[in-house]
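A, B, C and D label the chains in the order they appear, each numbered from 1.
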Amino acid sequence: MTPTDWIAALLLGMGGVFFLAGTLGLLRFPDVYTRLHALTKADNVGLGLIVLGLSVQADSWVVVGKMLLIWALVLLAGASVAQLIARSVLRRGIRLWRQ
Amino acid sequence: MLLQSGFDVALGLGLLWVAWQALNSSDLFKAIVFFIAFGLLMALAWVRMDAPDIALAEAAIGAGVTGALLLGALARLRASNAGETTMGQAGNGQRRFMASRRLLWIPLLLMAAGLGYAVLSLPGYTPGLSAQVAANLGASGVSNPVTAVLLNFRGYDTLLELVVLLLALLGMWSMAGPAPPPSAEAAAVLDGLSRFLTPLVLLVAAYLLWVGTRAPGGAFQAGSLLGAAGVLLILAGWRANVASTALSLRLVLTAGPGVFVAVAAFSLLMSGQMLKYPPAYAGILILIIEIAATLSIGLTLAGLFLGGRPRGERKSP
Amino acid sequence: MPAGSAVTGVSWGALLVLLPLTGAMVCFLWTRAARILGLSTVIAVCLAVAGLGWQLLQEGVYHHAAGGWGAPLGIELYADGLSLLMLIATAAVALAVSIYSTGYFKRARAIRFWPLWLILLAALNALFLSADIFNLYVTLELVGLAAAALTALGGGAAALRGAMRYLLASLLGSLSYLLGVALLYHSFGSVDIAMLAARMESSPTVWAALGLMSAGLIMKTALYPLHFWLPPAHSSAPAPVSAVLSGLVVKASFYLLLRLWLELFGSVSEGIDNMLGLLGSVAVLWGSVQALRQTRLKLLVAYSTVAQLGYLFLAFPLAASAMTAWNAAAYLVISHALAKAAMFLAAGNLMHFAGHDRIADLDRMVQRLPLTVFAFALAGVSIMGLPPSGGFIGKWLLLEAALTQGRWDLVAVVILGGLLAAGYVFKVLGSAFTQAAVPQRARRVPASMEWPALLLACAAIVLGLVTLPVFSLVTIGDAFGVDEVVP
Amino acid sequence: MNAAVLYALVGVGLYSLGLYALIVHAHLVRKILAINVMGSGVFLVLVALARRGGEAGTDAVPQAMVITGIVVAVSATALALILVVKLAAETGYATLSGNRQE
């Protein structure tokens, strides 16, 4: 394995850890708001790391550009959808979780 | 190799599990969300089977548009209090279902086993038509074999398929009445998102249409992206100021099948065989048909999501 | 493709699909003229069928390679005598129903009816012309969706429920059929019927395909016990739509089943033909008894369809005398198409006139709507199988085949079914002669609604007098493969 | 058994699961979901079996057929859903059995 492969593997692995953490939060957190928090924050970083990891190994800059575009779109969609879900939940009168 | 077959097994089991959840979740909303997840897993399975064209179509239509249609219908059902079967009202029927459920397992399991045996006992490997497709690809006018089959070799199927789509919209308009008004106020975020995404989606759709002649993509993928953009705009509360009676709207809806039928009639006149393109013009004819089909598919899918005839009295905000 | 005369040089078969599709889209675009455009399209389709018939008589079977590729890569259109017979019946019913619809539908409904109806017509023609089992799947779906949309056209809970039930049954049927197509494609590497026939050999996969495709098509044909969707759908649709559903749509899936059976599965299936015959027998008896028990006219006519469809399946166990049995099935298909369409149109007139379809309250209809009652009676003659009518010829041929093979059970079913049919037809006619103490709406029925019913019923009778031309038509292309069987 | 046959068997499984749900559930939206799952199963069988001979080449014909099938499925789903919505607005039930009077 070349050094770039090692870097890629490290980035991909870290991305995986973030995804895992996000999923764990989705399953274990107590209410909608905290779950959204876990899902969007952790998965955005996770996907970013995976895109970086794949970019290191990419053949051309076009491919890198496409992947970055995908990341940007997922960020945008994720943020918007999280806001929409939180808004509709809030309107239905579901309270924030307090210890 | 082991890793790959492990992935295939996991994906296969995942498909079955998610399908089971989509079919048997107690909450209908949950079931629909599982169904959308099922569509995405299906797209993954298509990629695993080297069928990126289907993967694109599945993700956009199977999961995206179908999911949006289901959620839209659920919202309207909940408005008329029919979002769930209430056990008390279904009464005897439901109880009879419960009783038959135990017995139903047996014949269905037998059927599944029989079908599985039929699949396993298929005589060897039959080459299918890949050799013929490859041999004639040069004369088809495009270099993506799937597009060649869809728009040239089996173009007649695709012509009828565009009619099926138009028929769905006609059927809906014939029974649905005017579309329900947009929900009271759309979220500002959704509005902003739709304003930002729509041009981008149009760009990607145009790209998919253009690239479809030689790489995965084509009229259906591009059209379903247009449809998705339409769904987003409708969700954001945006309405075009055209009534269902407007000729312009109808012209775009019939553009795909219309151009296709026109090409069929013209080729019938010229060569005696419908949809037989002269090899020199095959590429350009396919492109013309695809452009018209993309517009029709996009508008039809958006129209199906609208859930009724557009009224055209409301100015866009 | 240059050819001798002007008529035989045209590819009428392709036009039979393209014409109604164009008509449907033009009707949709130019709603104001939908009625006249729709009617002219249907007349053009009738002319095209005549052209195709002439072509077949002159040159034998019709082949058309859509896209110019030919099987197995491309899709082939194919028409022989059997397809032509179905196309003629379709054109005849379509013309009558279209004329009827000009009077039946008010403007607001009419502009929705015509595009859907023309698409259904195109889909039926495409189905009768296709020789490609995947293309047949697409046409099946097109037929099913168009028919479901038309069923719901009347509005109201009953029609919506009927349409929904029909749509689900139809989708289930087509998916089963498609799974069979997948298995056949991967067994033999083609979806062209002729190529499959040449490569056909028995295997577990072929058996599974046979089961799936037959079950799916039987569901769409509403053979007992998979008929549950038919009575609600056919009785709640608007009258012209009911006529098309009962007359043509269920026949389309039966035609496809017959075609697959003759070309592909006949050689590899043993024992299933007897099961089909048994289900057919039950359908004849059970459907007729149900029809007798109905108090609503349209439901009675719908259950009669369940019974009459049963007759078609009696031909399968008698296939040893191929000529007689399959001729009987073909005759029954077209005479029932004409007679049942006439019956539904007549029932629509009675309903239009009185505002209800309770059989007991058909107050002296024979004096008020003599043409309509006469049409119903003539159609009833063919349904009962009395001479001289198309229904009589069909049932006579069935009896002949059953007698020569010593199948006394089937003989009994045919005769008993005829008696029961007489029972329910006379139940209606009896009420039409007697007086009932109920107020009637007495709305005028226009001539454009009375004459189509009568002409269709007359056609069903005339069919009994022109047996020889019909038989010679059917032999074009030798769809029944009689050469091998007749000594 | 290779991956192609595995996916074909999954397709058979989906078809059977869908058929089960279609019969068992009364709610029409669930029946529509069941039809869609059945359809996906059929599509899987159609495409997967083309690859059972190994990785060599892909057959474009079944792929094109499946794209056709997906479009037909979405059309049918849209039509069925609007029927359910209208039926529920008319009767208050999204089932075939509920509320028989008209």
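We adopt the following convention: a contact is a pair of C-beta atoms (placed from the backbone, for glycine too) under 8 Å apart; a residue touches a chain by one contact, two chains touch by 3 or more.
The structure displayed is predicted, hence computed values, not measured ones.
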Contact network partition after chain B is left out of the picture: A | C, D
Contact tally winner between B-D and A-B is B-D
Based on CA centres, what chain would you say lies at the far end from chain C? A
Between chain B and chain D, what's the gap in Å when you average each chain's C-alpha atoms? 12
Between the Cα centroids of chain A and chain C the separation in whole angstrom comes to 57
Determine the centre-to-centre distance between chain A and chain B, using the mean Cα coordinates as centres, and give it in whole Å. 28
From the mean C-alpha coordinate of chain A to that of chain D, what's the distance rounded to whole Å? 32
Give me the residue numbers in chain B that touch at least two other chains, ranges are fine. 115, 119, 122, 127-129, 133, 153-154, 157, 161, 164, 167-168, 171, 175
Per-residue overlap in chain A, given as positions that touch at least 2 other chains: none
By residue number and range, which residues of chain C touch two or more other chains? 134, 138, 141, 145, 148-149, 152, 160, 179, 183, 185-186
Chain pairs in mutual contact under the definition given at the outset: A-B, B-C, B-D, C-D
If we count contacts the way the header does, which residues on chain A are in touch with chain B in the complex? 73, 76-77, 80, 83-84, 87
In the complex, chain C residues that touch chain B: 1, 11, 14-15, 18, 21-22, 24-25, 28-29, 31, 64-69, 72-75, 112-113, 115-116, 119, 122-123, 126, 134-135, 138-139, 141-142, 145-146, 148-149, 152-153, 155, 160, 179, 183, 185-190, 203-205, 207-209
Touching residues on chain D, where the partner in the complex is chain B: 1, 3-10, 12-21, 23-27, 29-30, 32-34, 36-37, 40, 43-45, 47-54, 57-68, 70-79, 81-86, 88-89, 92-95, 97-98
Can you check the complex and tell me which residues of chain B touch chain C? 114-115, 117-119, 121-123, 126-129, 132-133, 136, 152-157, 160-161, 163-164, 166-168, 170-171, 173-175, 245, 247, 250-251, 253-254, 257-258, 261, 264-265, 268, 271-277
Please output the residues of chain B touching chain A within their complex, sorted ascending. 187, 189-190, 192-193, 196-197, 200
